[in-house]
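I've put the structures underneath this note.
Shared between the two complexes below is chain A, which pairs with chain B and chain C, respectively.
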Partner chain A sequence: MAEAVAVGADRESLGGRLRDIGFWADWAAVIGLVALVIVFGLASPSFLTLGNIQAMLVSAAILIVLAVGQTFVIATSGIDLSIASIMTFGAVVLGLLYAAGWPILLACLVGVVAAGLAGVINGTLVAKGRIPDFVVTLGMFSAASGAALILSDGKPTQVVDGFLLALASGSVGPFGYFIVVAAVVVVVAHVALFHTRFGVHVLATGGNAEGARAMGIRTGRVRLAVYLISGVLAGVGAILLVSRVGAAEPAINTTYLLNAIAAVVLGGVSLQGGRGNILGPVVGALLLTALTNGLTLLGISQYYQPLAVGVVVVMAALLMRYQR
Partner chain B sequence: MTQQSGTAVLSTEATADALLVATGISKSFGNVRALQDVSVWLPRGQITALIGDNGAGKSTLVRVLSGVHPADEGSLTFDGSPVRFASPEDARTAGIETVHQNLALIDDLTVWQNLFLNRELVRGFGPLSFLDRKRMQEQAEKMLSRLSVNVPPIRSKVRRLSGGQRQAVAISRAAGWGSKLVIMDEPTAALGVQETARVEELVKGLRADGMTVLLISHNFDQVMRLADQVWVMRAGRLAAGRRTQDTDGEELVGLVTGAITS
Partner chain C sequence: MASARSWRARRFRRGVAGLALAAVAVAACAPPDRSAEVAAIIKGLDNPFFQAMGQGIEDGATGPVTVQAAQSTADTTGQADKLSAVAVQGFGCYIINPISGTNLVQSLSLIAKQGKPVINIDSPVNAEAARLAGATLASYVGTDNTHAGQVAGDFLAGRLPAGAKVALIGGTAGDVTSRARLDGFRAAVDGKLTVSQTVDVNEWSRSEALTRAEEIMRANPDLAGFFVANDDMGLGVSRAVQNAGKSDQVRVVSVDGVEDGLRAVKSGQLAATVAQYPYTIGEMGVEACRAAAAGHTLPATVNAPVALVTQDNAADALSAFPKPFEQYDDPYRQLLQQ
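Take a look at the complex of A and B:
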């Protein structure tokens, strides 16, 4: 009898864990990324070359920065639908100031501040106005894209500048500056979420706002702060975007919005709030980028890319239901 | 006043050394008048019970005293000076800790994170302050060991705990800060016999340490065992007050139901 129990327990620790669906759910994004790398690596010889990996990381950088901002908002059980529009808005502000002869660093700074202000408006309406996050940021989605179109008269602004060119092409060792920027954002965000009082209060606000308030946490301020973070990171994304494209374009970019939310979901962050995690969304962003890149390398029409992203996200969400 | 023979009615006029005096508190939620002109006071260093039927307004009074809801009317005096709690943080800073009826625990945080919620220990200065996890975890063990028969693992998420363990966490949190007043809204509601006995010991321990306790309970035996005085609420109003030595369970039942007035 005792023997049977011991054998059973043994099995539980080895094969049992692989058969436990919760294990797969916790590691969904990582497993998905590894699977994609293997499949695309076998299917396309150029996928795993150093050059392509570097290119993928660079193109993942903007998405990672946006996904980190989105993670903070989602951890408080909110959602920021305006994140990509605010990025566009910040880019247009940056481009117009540069075109007006401002020094590039000042133009970048004001672009980030403008994006941060849009975030503050979101946060104030959510916290003080008690309007649902979804409605406020849907409004801001429209308002920020509209402001970008009005300010720029719908035309792109060329931004050809040494600093931004260097940002796009320079590197530290094998890592491009974009990757360095994304890595700094990720590390700072991880420390803020897991090693500061603010981080605990973000999770408490998302997990049980009433309880958090009863313990004296100012949940309104926390909500304001996460939208500020999301706005500022959209501004950082704007700098990267202008640097990469060489111009500030007022076009609405919904792919970035949807992929930022998808990366957070793939990273195992619950849309109900209260749970957060920075590395998960980063892996989610890498997964989505690898998916798009791999499909392109295989010569599959880009019309299939949104379909593939949609399938992956819904599959991941299904698996996530078994999370422990 | 129709005073029962053999009983001493407790005046709503506070004694000079009362720790907390609430005067004329009213609170409405839309059309629901949850509290109407309630005046109570808590003797310093003693245990006061607050009893009444479901919906009598006990938890609403608790939330007014702990800063969750500001009162529509009325005033509070705490430790000798008039106070106005705009937020629970104000009440906590003044020295009032509360175990709310819904416990106010965050399910997805760990036991130790809940114990230190909004009282997190940090190392460093200003914006470069980081959580001192190790010290919080060590102290969390101590805070819990005073109470639990079945100590919940401090690193597990509160979501995983039993109802009684959750209650133990909320009580330990309120008792752990050396505050002046501890308010407990039905602290033993989900507890077994042994755990209830432990909580009662803890409440007596708080009194022995000089703390003042406000205990909300539906268990009149418990009230008679622990409390020094009792306030009775009925339909949003203060119905009566007694020193426990001057009353018995039977009279308390009568006061709660309204069979006995004042």
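Take a look at the complex of A and C:
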């Protein structure tokens, strides 16, 4: 989170900073998460039990992986509207190969490669074709879900496999494998964005593409790379998705798309690009998951849940305008 | 600069930790005992079938019951999240109506560790996946769709002359429910009627069923009947029959027993519908929970009632809706009355 904070000479008192709306804007996701934890913790005694926290982390894992992929794209001032469709596509490829008798690990690998290829197509069209990100990925959103429907003939493929079931329900100590996978993705992404030359180039491309080019950064390649990352992470999400639901389904998963973008926005990443951080979107993903989980625990009708998500996202975006 | 930032972060983190601790402390004061309560996770509440099921669960319960539903019948992961969420609340019994055979299996493995009974209603959990995840199901109750198809077949075979031509209209290709209904129908009319052709309609679309029926009637002028895999499509087919002016010649039978279907039977647009009872499936699910709590061993599989509704009894069926209008076997209730 700290990387997102534009630091000023701020040694004012705590009270002074609490009156400063910029403080709230910088920490919007964390504050939102803490507020939710307090409200739900008070309202439902089950919310803060170890079991529920584990369940929430497991169910946030797919969203975290997708949000990290989305963060790289948004940091270059792009947007990947196709991320959830590509995940569906990767899942269907995985499922069909498994049904055709391939070993599960190979099927998973090819699923990730297929998703990565879809990302490369996005990146090539954006970088070489000079078509706006929004248009390219909107097209891919439709094309990838169409490809998934064609390949699968619209039918779910059951993937009942010991390895994937172990991935879904096994754990290292208190942490399920899903959480471990998400944590590895987050750490690698954080290092890549903040401790490598590639990361600098990503942020430079998003912040000022012309300036970056003048400095000798090949912005076309950077854009290609972020869409490849987004595609590959959608493929990782596909493995988690298939392992969680035990089937590869050609469903469009729009909730994942919207929540992946919402998590990035909640995390304080500017849609204009140039500013990015990894932990913010992770907190955003946790916030969105905690919101649905808490409403479920309280027995509030599922009709209210999309409304609550919408209100939270827009409020966060409003607060973000005061970011320093 | 860096030190200012980390100082701020540290102060903030300390504040967050304090608030979280306070929340935990308050939460720990009131642990409710839910071991006598029932939690139900069903497929959705966005259509009348599942609304009736949810109503049946609430009406059937003698104590508090929590009914949760997925956002839609495609929300497989959301449904799994909801089951995981209620599982940690320590309910005494869980009723599940999974969207697919496998989407709840991982969450079921959490419940398996608690040793609480799980009643599977309506759509069955994949047995192999449940075994791999170590999940055990106390009982299954749902409509036997093959039997429903047979009832429809027996009815049409009894009303039409031997060897009369009928066409079958199923739902989405490969859908298990649709296939079971069609298979049951075919088995019942084997050697009595002639099945001229079978078509599957994507997404069980009413308008597409109407179009297909028109085509089939054009190709088979001597057609005497349609068997349609659900009432909604059945109503489309009956419209096609009316449009063709063949209401006297072609009989339409479907499966489901939704309110519109029952009304259409009463008015004669449908010759009959084989009604299933989501309300009763929900109710029987709660009874199964009570029977399990009372220490009874539950039957592995229970068939929920189906009833043939014709013009003779359509008024009764409508007035009893959403409950069955006929007596039916309820093994759970028998266990409870012992």
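The rule we apply is simple: the second predicted complex is superposed on the first by the 312 of 324 C-alpha atoms of A that agree within 3 Å, B and C clash if a C-alpha of one lies under 4 Å from a C-alpha of the other, contacts with A are read in each partner's own complex, and residues count from 1 in each chain.
Throughout what follows, a contact is a pair of C-beta atoms (placed from the backbone, for glycine too) under 8 Å apart; a residue touches a chain by one contact, two chains touch by 3 or more.
Keep in mind that what you see is a predicted model, and the values were worked out from it rather than measured.
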Putting chain B and chain C onto chain A via the overlay, clash or fit? fit
Contact-wise, after the overlay, does A:R19 reach chain B, chain C, both or neither (first, second, both, neither)? neither
If we overlay the two complexes on their shared chain A, which of chain B and chain C does A:S169 touch? Say first, second, both or neither. second
Just chain B (first), just chain C (second), both, or neither: which does A:I38 touch? second
Just chain B (first), just chain C (second), both, or neither: which does A:A204 touch? first
In the three-chain superposition, say which chain, chain B or chain C, touches more residues of chain A. C
Touching A:A251, do we find chain B (first), chain C (second), both, or neither? second
So, does A:P156 touch the first partner chain B, the second partner chain C, both, or neither? second
According to the stated criteria, A:K128 is in contact with first (chain B), second (chain C), both, or neither; which is it? neither
Minimum CA distance, chain B versus chain C, superposed model, integer angstrom? 8
Footprint overlap on chain A, comparing chain B with chain C: none
Using the touch definition up top, name the residues of chain A that touch chain B in the complex. 191, 194-197, 200-201, 203-204, 207-208, 210-218, 274-275
Of all residues in chain C, those that touch chain A in their complex: 1, 4-6, 8-9, 11-12, 16, 19-20, 22-24, 26-28, 30-32, 45, 66, 68-71, 74-78, 80-82, 84-90, 100-103, 105-107, 109-110, 126, 128-129, 132-133, 172-174, 202
Which of the residues in chain A end up touching chain C in this complex? 1-2, 5, 7, 9-11, 14, 17, 27, 30, 34, 37-38, 41-42, 44-49, 51-52, 55-56, 58-59, 62, 153-156, 158-160, 162, 165, 168-169, 241, 243-247, 249, 251-252, 255, 289, 292-293, 296-297, 299, 301-303, 305-306
Which of the residues in chain B end up touching chain A in this complex? 66-68, 87-89, 91-92, 98, 100, 102-109, 113, 117-118, 120, 122, 129-131
